[in-house]
């Protein structure tokens, strides 16, 4: 079980801010594939990975990073703070 | 007649903040030569021109600048504002 | 070091004075305040953030700035939620012994907050809302450091 | 634009708030405050200036900064006379549409005020007084612009 969080337009496209997913994905990319296979809204949200960022347990990470031991995955667009 | 102003350690070495000088000097360098010829304290103040700056009518200038039309000459060390 | 992430408004002048009063020995205090700009059709801004990660990310950036420029102290305040035109969005303040370090550190903090602190801005206009797009220049700016 | 050259103390936070309140449309306000640093034996500072030239030189520098970075507004306050450790010596505040211009303009103003505004600082210590020497780096810094 892994907590998956969505922010900004990713949250809006998927239609919820967070969910708990029962996944055996080994990497972020695997997890994305599982999500895309579920429903059209996920496919829409993940259609362009270049415009997405991922954080694993609240640390920016890469899409090929392993998920072993990770409890929280967050997907969001590039940040626009400051 | 020209007003000559001194600031910071130049003022301290010469011992006064300003004076009016009857001079026919054509350039700043000429004026400095006249002043040095007057008294030891001027010679001391003007002994190292590299550590001095000059302003003509309140504009930074160079030592070889002409004095024609100038009413106010100021000598001081490099500025330390800010 | 002091970090505030919250919805409430704040008073930049008051904060910079409080900050300065506590930094004995500082010769230079640089502050930056970001404000909601008004546009032809812009009426405000909505800021979303990632609670938990925001605080961790900013604290790490502050720690890095403090060490690298040997700062006496630094402060970051960043709001989220709904903001009106003209309101302060965020501020940083940096106290250093000398000027150049304080300027560099403030500039560094801003570059990192912009692209590494998990905030997302949405502009609220009279005709609708739009997520603010990140700029390539913002990401490129990180390479300066 | 607002320029104050005077002996009186001032409140940097109050000034930056007043300044910001008057700059509609600004997205970025950068302020710098220079303070009298304490040393082992330093008890204060005496600042001499060249009345008349000071105001002219600073106004010209502000004009140049405003034009070059398309600033919305800028403010310079610089004191002279006797100052105690911890007191603010001077401040600049710059309001721009964007952050990078505001940072550059504030940095530029400081570089020029340091070497082109006719102020001379004297450190007052328990053992005597000493004129602050200008640094070659300060003059070199002007070449950046």
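We just call them A, B, C and D in the order they show up, numbering each chain from 1.
The rule we apply is simple: a contact is a pair of C-beta atoms (placed from the backbone, for glycine too) under 8 Å apart; a residue touches a chain by one contact, two chains touch by 3 or more.
Because the structure is predicted, anything quoted here is derived from the model rather than measured.
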In contact with chain A and chain D alike are the chains C
Where the centres are mean C-alpha positions, what is the separation of chain A from chain C, in Å?
26
Separation of chain C from chain D, taking each centre as the mean of its C-alpha atoms, in whole Å:
23
What's the distance between the Cα centroids of chain B and chain C, rounded to whole Å?
48
Residues of chain D engaged with two or more neighbouring chains
34, 99, 110
Going by the contact rule already set, what residues in chain A reach two or more other chains?
82
Full set of chain pairs in contact is A-C, B-D, C-D
Residues of chain D touching chain C in their complex?
11-17, 20, 24-38, 86, 97, 99, 102-103, 106-107, 110
Chain D to chain B touching residues, read off their complex:
34, 48-50, 52-53, 56-57, 78, 89-90, 110, 113-122, 131-134, 138-139
What does chain B use to touch chain D in their complex?
5, 7-9, 11, 55, 58-60, 74, 76-82
